[in-house]
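A short worksheet on the structure shown next.
All chains are identified by letter, namely A, B and C, in their written order; residue positions are counted from 1 within each chain.
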Amino acid sequence: MHKSKRSIWEIANPKRFVSISGKLIPLLAIVTIFSLGLGVSWGIFFTPNDFRQGSAVKIIYIHVPSAFLAINIYIMMLITSIIWLVRRHHVSLLAAKAAAPIGLTMTLVAILTGAIWGKPIWGTYWVWDPRLTSFAILLMFYIGYISIWSALEYNEKVGDLSALLCIIGSIFALLSRYAVLFWSQGLHQGASLSLDKEENISNVFYLPLLVCLFGFFSLFLTLLLIRTRTEIRIKRMSSLMRRNSEK
Amino acid sequence: MKPYIYILSHEMKFSTNGKSLLLSTCFFIIIILTTSISVSQFGVETSATSVAILWVALALSALLSVKVMFQIDFDDGTLDWLMLSPISLETIIVLKAITHWLTTCLPMMVLTPLVCIPLGITFDSALWILLVMLIGTPAISFISTIGAALTLGERGSHLLLSIFILPTFLPILLFGIKISMLVTNSIYDSSAFLILLAISLVCIAITPFITSMIIKVHYT
Amino acid sequence: MKLTGHSLSFKRGESLIFSEINFSINSGSICFVKGANGSGKSTLMRLLVGFLKSETGSISLDNQDITNDREIRAENFLYLGHENVIKPQLTVIEQIFFWQGVSQNTYDFKSDPMKVNSILRKKLYQCSEGQRRRVALTRLSIEKKRFWFLDEPTASLDDNNIQLFKESLKNHCNNGGSAFIATHDNIGIKPSFEILLSIQKSLTEQNDPFI
């Protein structure tokens, strides 16, 4: 999503990307540390306990941002994959490749914190709530995407395959999600099991949550830039090695 | 005879000549027997999960014969030749999927009323489940072509293929299993039937184009 | 019919395989594609039949651009690569019947240009390498296409069989067909045109965005 700037195709050049991101990373890292520190400590220490859930509610400052990222990182991968297919910019493909493990981690964090939260509130670590099911589905497609990269060596063909896999994955993930929703109609009691807190959340919780969301997003950007740079350098290294071997 | 009849019969001959027909059907029976035996020893009510076992066993067994779908043709140059034949690649993919369905899904469906006995499903429900399978399984065969194409040229990528493809069966499985469960309880949800049919038809309609795109990637 | 290629080039990844390939082939003529191992002979063949997309340039048939026209290529082009396009489980005659069925043409068993009549009932996995290649070459006379693209067609053939192949090639040219043959040695045929490929000096540096 870092690509939605005006100078969008300029950073498509790997060298340009490395130099721009090199300047951005320290800045983003500071912003991340500051906003995450502020958001999490504000959320955990300076907000009142929920009258029903007690202090357990405070896990939302980790849970909600990671869940938010888990979904959006997949969408970002989808967009960058399409950009790769259309415009053949290596950086775009490498960004998708670099983002996948972050997305997987965020999905796992969201599921784990959700389970920890669920135990005191629902009395169980896991229920087959449509939203939980969707995350399980998302997890599977992240694993599929990462496994194609780990199984096959980097080249343009595998890039195309992974991009197509990402698109196919999102189609089937959506289909599965609606299949889940179709059957859960009338089975669930909605709000009490729903994780969607934004509607009935009060300002006291909302502001630190926003800061946390921002912090997580900037954490993602930092990690993504670092990982993409690493990928670019790996690619550059193999290009240089090939050039040397050709001489 | 039209050329595609030749291709279909050729494909059929290979799928039945080779051991894959027997193997995947045997695998299907083995999965069902092992799970129902192990579940039955604990005195657990089988019928609740038996439908799910049936479908998942079918999906897993269907995956067994997917890898060879394009691999052999890709290796011995037949795919090259077919791409320069008057028949379009999409048609060839459709023929492959039909062959897969006829040689893998159909034998398992024929066995379904039989394997329903150890699973504790009545014969009447078994016939209904057969109808649901008839709607759902063609989509499984068609979606499988995507996996076969994705892992083309990669030796020993059976596992990789299953990792990609099994999650994409989920929409079909979700509807298939749920409708089958309702049917065993004598609830006939026609709208769910129609949605399963719709998903199945959409998969059949779009997968040949996706698969041909993927195969063309292998030609660059 | 005249097949023309105009400044074709091909890149794999960031390395250039060949560039500026020009040719013009009339009916009844043979074109040799020559070059050392790794100079891109097979790649050029696959590019000409359309399995690979050329980076630049175009291919045209009678002044009609067919660079992206699958149908016209499918109608006129035949490709035989290193693989024999045969299924080892089949007998020779089953394989030939299959080709006949799909291409809706027949093999002339009476004249039998590739002399396969004696091994018709033999399973292909029992055949020797040379016999299999011979069976693979019968496809040339079954499909009746104008342009043949043959990659090392005489590999593993003995002198007698090379003679058979030359006969059927001559026949093909007399009937107005043409052939592209990627080969190391002149098999006693005088080509009317020759494309010489050389191993390209790498252009990695200027094309690779990562360096």
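Throughout what follows, a contact is a pair of C-beta atoms (placed from the backbone, for glycine too) under 8 Å apart; a residue touches a chain by one contact, two chains touch by 3 or more.
All values reported here derive from a predicted model rather than from experimental measurement.
Taken pairwise by the contact criterion, the protein chains are fully connected, each one touching every other.
Centrality by Cα centroid goes to chain B. Taking each chain's centre as the mean of its C-alpha atoms, chain A lies 49 Å from chain C. Chain A and chain B have CA centres that are 32 Å apart. Rounded to a whole number, the gap between the C-alpha centres of chain B and chain C is 37 angstrom.
Along chain A, residues 156 each make contact with two or more other chains.
Shared interface positions of chain B, i.e. residues touching 2 or more other chains, are given as 220.
Put simply, chain A touches chain B in their complex at residues 137, 140-141, 143-144, 147-148, 151-152, 156-157, 160-161, 164-165, 168-169, 172-173, 175-176, 178-180, 182-183.
Those residues of chain C lying in contact with chain A across their complex are 13-15, 202, 204-205, 208-211.
Within the complex formed with chain A, the residues of chain B that make contact are 146, 150, 154, 157, 160, 163-164, 166-168, 170-171, 174-175, 178, 192, 195, 199, 210, 213-214, 217-218, 220.
The part of chain B that touches chain C in the complex is made up of residues 1, 3, 5-7, 10, 14, 17-18, 72, 75-78, 80-88, 219-220.
Interface residues of chain A, counted against chain C in their complex, comprise 13-15, 90, 155-156, 232, 235-236, 239-240, 242-243, 246.
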